[in-house]
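Heads up, the next two complexes both have chain A, just with different partners, chain B and then chain C.
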Partner chain A sequence: MSTTAPDVASVRTGERTTGIARRILRNYVVRRVFRSLFVIWVVTTVMFFMLRLLPGNPVDTYIATQMRAGGSYESAAATAAGLFTFDPSTPLIQQYGDYLWALLHGDLGNSLTGTTVVEKISSGLPWTLFSVGYALLIAIGVGLLLGVLMAYRRGGVLDHTVSVIGSVLHAIPNYLFAIILVVFGGVQLGLFDVADIRGTYTAGVEPELSFTFVSDAFYHASLPVTVYVLTTFGTWALVMKASTITTLEEDYVTVARARGLSDRRIGTQYVGRNAVLPMIAQIATQGSFVFGTAIFVELILKYDGISAELFAAINDRDYATVQGILLLMTFVVVFSNLLAELVNSALDPRIRESANGAGG
Partner chain B sequence: MTETALLSVRDLRVAYRTGGGRMVEAVRGVDFDLYPEQTLALVGESGSGKSTLGLGLLRLLPRTGHITGGEVVYRGSDPEGTDVLRMEGSRLRRWRWSEVAMVFQGAMNAFNPVLKVGDQFADTMRAHLPRQRLGKAQVRERSAESLRAVRLEPGQVLDSYPHELSGGMRQRALIALALILEPRVLVLDEPTTALDLLTQRAIVDMLQELRAERGFSMIFISHDLALASELADRVATMYAGRIIESGTTPDLFRAPRHPYTVGLIRAVPPVRAGAVEPVSIPGAPPNLAQLPPGCSFAPRCGHATDACEATDPALRTVEARPAGQPSHEAACLHWESVRLDTAPAAAQDGTPNDAPAKEVAQ
Partner chain C sequence: MTAIAPGVAEPALAAPAPRTDGVWRTMVRSKSGLAGLVLVVLITGMSYLAPLFVDDHNPVDAQNRWQGPSGEHWLGTDHSGKDVLKQVVLGGQTIIYVGFLAAVITLGVAVVLGSLAAYYRGRLDSALLQLTDIVMTVPAVVLLAVVGAFFGLTTPTTLALLLGLITWPVLMRSIRAQVLSLKEREFVEAARLQDLGNMRIIFVEIVPNMAGYILINFIIAVTNAMYALVGLYVLGLAPLAGANWGIMIHQAWTYGAIYLPEGRAFILAPVCAIALFQLGLVMLTRSLEEIFNPRLSKG
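Here is the complex of A and B:
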């Protein structure tokens, strides 16, 4: 009888394994985590230098603002020197070293206005994560379900309707869709009160774990969530449909029918599970994309997520704050990709195998 | 051998819908009876409709395929028989695999890649035996038993994912899975294709053994005449969606009376060195959408006359036998003059061509 794959794999790893440290390094999860950290470091570094390539620095920007307001250069420069800890004459490489050192200690630094970057981020980021995450859950859930239904009833009414609507909505950039929503839905048709729904929660409602607060938060998030869901669910549906159709034609589905399995069992464990596999990588990249473009949508809809902070910080050349926000966004993107890979390897035994055996 | 057929197929027709809304018949009126403990081999080229016929028997045709006519009667425990084509829903679902199971081509991914082999055995049992309260241990024990019967190591196979097994092991595991509910009929569609010769040999021997032990019937679909002659009691040759010759294995391999069967036998390279060169059948299988009006094999046939191009011959009895024993029948106007050693189309070399028949049918 011929040798099986696992035998080959274990022999191969057995030869190479020289110690526990080596074995840990070879572990799939550990290697993915290291790779993610490396990506974060690269992005952080590139961002650090790119940001400093922007014309002007915090001091110059402050002086320019003061002078536009009528002050003299000397007085503005004196105030700036007193206000800011930032010294433009420090060598760039030293600034980078200080930044990385602080970062390793979990210190994101202080913003120009004196508050810590962590404080600044923590006021906006949760709202962005909440609205984007909530929207993705709905969009992916609805999209995958529609995709499977469309694949099972190819050429039906649902298939045609969702295909057309989904592709049209997908073609509209989400910030444009946000404008359309406000102009037509809010102003012209009066479906909602634009002034009332803006912001993340109504002034006066205590941010606590109460029904009033939670429902208020969902109410205020409904506009951005609508935008994210409507502009993405069509893509999910179409991609899932294609994936499901391919899976339905797989031999093992025919064999499963021959084996007399129930349609439900075939639909979930044989068709669904295999059809969703190629989708997971896409969920990560698409999710990151929505998160990245949320800035524009939030600005238009006046949803006080991370976008307002980022915008102000870029204008003021508030390096520390911009770096902090971008670092966190990078972290979210890299982390969701990592999560997708781990989920994928949990669902698909073949990935685990090849990653562990061949080291790639 | 009993007299009543286990599975009777009458005038079965299967058509595929094509792009322009047209229907192309892939199986054009097939009749046969399968008796208990018998093996029927369906042989023919690719595209002759033999795989479609196999899938049609279990009503597993792809979306575009439809059974357009005919009758498939299955007589399992019920002597009256049930019409397979009228079975619906959960009755059909339960009938499949517990009465008629199917072994697919070796090259196919018959197993779900994300489930362990053991889970797929359990799935199958649970789908059919819900009331018996199959415990985990029982399911595992039965799966293990079935795997041992095909000479696989259960402990290793049950906990493996399909991709961790070799092609030969997967095919054995599929046979074990097919036999787990003790079906009366096993349809095997090219079960040894894509396997190396030694593995083929082992699987054929194993099938012989299992059949002798358990007494199920087999429908063996293959283009491999040597394997067919070894496993089958009866052979039917298919061409362009029809059975064009049928009879016992010696009938077809020693004294074929249809020029196509003769051509198939002569196309097989002889096993022993020094025997005659294989001769291929000229031309290609016909386009099912544009069949010639007369005999569908006429354009490729060395015996063809004008009459062949005008009439599509029905099966004629070559040798009649009492009920329960298959008669030798051939759908050829010139069956009386067709001999394995005098096939005019290919016999230019003039050597006596008795040798390949003996090779194949020994």
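Here is the complex of A and C:
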């Protein structure tokens, strides 16, 4: 709290420029953004050196693989020189500088398969974001609704059923749940065609904004989405229930009741709005969790999102692609956390105050 | 629901550490807690005691591939004619061992760093918080897959070590929050006045007061570690030597067991084993939460 006082004073005494600069630096949003950038920079650096310190130099590995496949050293070396944007014989620090410089220009290097890493990522990422985002929306919607109902009828049938089903489904790892879904839903009961539903869209359907394509995309996403929703909605319901219960006990709700306001008005205007607040931070953590673990589910269900690219890159020892995808996932997590913090602070000024006072 | 058993009724003295007999009684009294405990003990017991009774000789039998359940093979045979039941019974050890070891490491790092950060505050605290920010950012499972595949992890112990070193930050933060509130209590003040020394105050006075909290988080850490580990095995990103539940699922999945009615048992048996074990752990944490945090069950 006390940190804001000198700012005001310095502005008043005429040190306008430094005062404004300091105020910008002390601004909550600016500080959060800087912090996120710092985190991304550290992760990038650690990953760069980690992958370089791995046993075996990727260029040599590539040349060796090509020669084993029957190529001459010269031709393999020439292809390698074209594929790798860095030269392993230059000092590490220079490679690092080049890498960062390229990164700032949005260049993540070249993949071993001949395309750029950016192209590889942009072919897989939209599908992952689509399926995870779509699932998140459904899970949150269902969870919020159930949570509020459970809070109002505490100890009722719904409360118990949702708690039990939610925790059982949550306890089973999502990729195992995917297997169970395929075995029982697909093979045993024949609810869907296991081979047909795989992939992100049916071959022959053009990715464009048409009804056929959109419905096809939803059809193919339905398995991973079902898995994500069923394994996470219980958590949402429980968080919302706890939050609603806390809000129901607040004085202003009691006052609203005493004033004789209708239950419906209290439920939406007084309880609902305030109970949703703590959920927003959850959206970021849950979202990044689902995004981070989507790799398992996507690979099991053969949904060709970012995980398929990552998996292939790991198997091919395609360092540039692995590095690019890891960086991108980090970025998604950092960005969603940042967004949640900013939304939270906009909704609840107390967060800003305490963060400024405590210094982080 | 009565959250605290009569056993704990008498007021606890200076350091209000929960009495273990009371915890035990309450847990056994709550149905889901008991069921969870039974599941966990049964499956762990089966995995660790079975090698004493079951002959681990499980030969490849090309004549009897993909056999359905029969008197000779209760759960049928797999793609190479090996007995499935034997594999399930013997396949839990590695998974449970890695889960527990990883949880011990996670918890150890989290408790030590979390208490130190909260107790000393200042630069140490902000540096450690910054570190958690960074480690938490990289999706643990993905990092594990990359590091696991590239470094060629060969032993379960290295896997556990890696898991432990990646997953501590979330727990460290909550331990830190706990210590922050505990260190304002009178008994810590008293210990300070007695000049007991910072290390002693932290690890003898403060940490035991979080015993319940730590126990709950330990179990959660076990489930998380098992989740990541089995996932790596199922995808074939961890070494596929030997036999455990994860490797079984991987083989069943790649050899297309789901399409064969006779192979159904091969894939479902390990899936069920893991799911039941995880379920047991979750039920256990739920009832422990009720014991250590009675306000929850009232809500």
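Going forward, the second predicted complex is superposed on the first by the 294 of 360 C-alpha atoms of A that agree within 3 Å, B and C clash if a C-alpha of one lies under 4 Å from a C-alpha of the other, contacts with A are read in each partner's own complex, and residues count from 1 in each chain.
By our rule, contacts are C-beta pairs under 8 Å (C-beta built on N, C-alpha and C of every residue); 3 or more make two chains touch, one makes a residue touch a chain.
This structure is a prediction, so every number in the text was calculated from the model and none was measured.
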Contacts of A:339 with chain B and chain C, given as first, second, both or neither: neither
A:261 touches, of chain B and chain C: first, second, both or neither? first
First (chain B), second (chain C), both or neither touched by A:251: first
Which superposed partner A:187 touches (first chain B, second chain C, both, neither): second
Partner chain(s) touched by A:170 [first = chain B, second = chain C, both, neither]: second
Chain B versus chain C as contact partner of A:312, first or second or both or neither: neither
Touched chain A residues, chain B compared with chain C: C
Which superposed partner A:296 touches (first chain B, second chain C, both, neither): second
Footprint overlap on chain A, comparing chain B with chain C: none
Residue ranges of chain C touching chain A (in the complex, touch as defined): 126, 129, 133-134, 137-143, 145-147, 149-151, 223, 226-227, 230-231, 234-235, 237, 249, 253, 258-259, 264, 267-268, 271, 274-275, 278-279, 281-283, 286, 299
Touching residues (chain side chain A, partner chain C) in the complex: 35, 39-40, 42-43, 46, 50-51, 54-55, 154, 167-168, 170-173, 175-176, 179-180, 182-183, 186-187, 194, 242, 245-246, 288, 291-293, 295-296, 299-300, 310-311, 314-315, 317, 322, 325-326, 329-330, 333-334, 337, 359-360
List of chain B residues in touch with chain A within their complex: 55, 58, 60, 62, 93-98, 101-102, 104, 108-115, 123-124, 127-128, 156, 160-161, 163-166, 168-169, 174, 177
Contacting residues of chain A [partner chain B, same complex]: 1-6, 249-252, 254-262, 265, 269-270, 273-274, 277, 347-350, 353
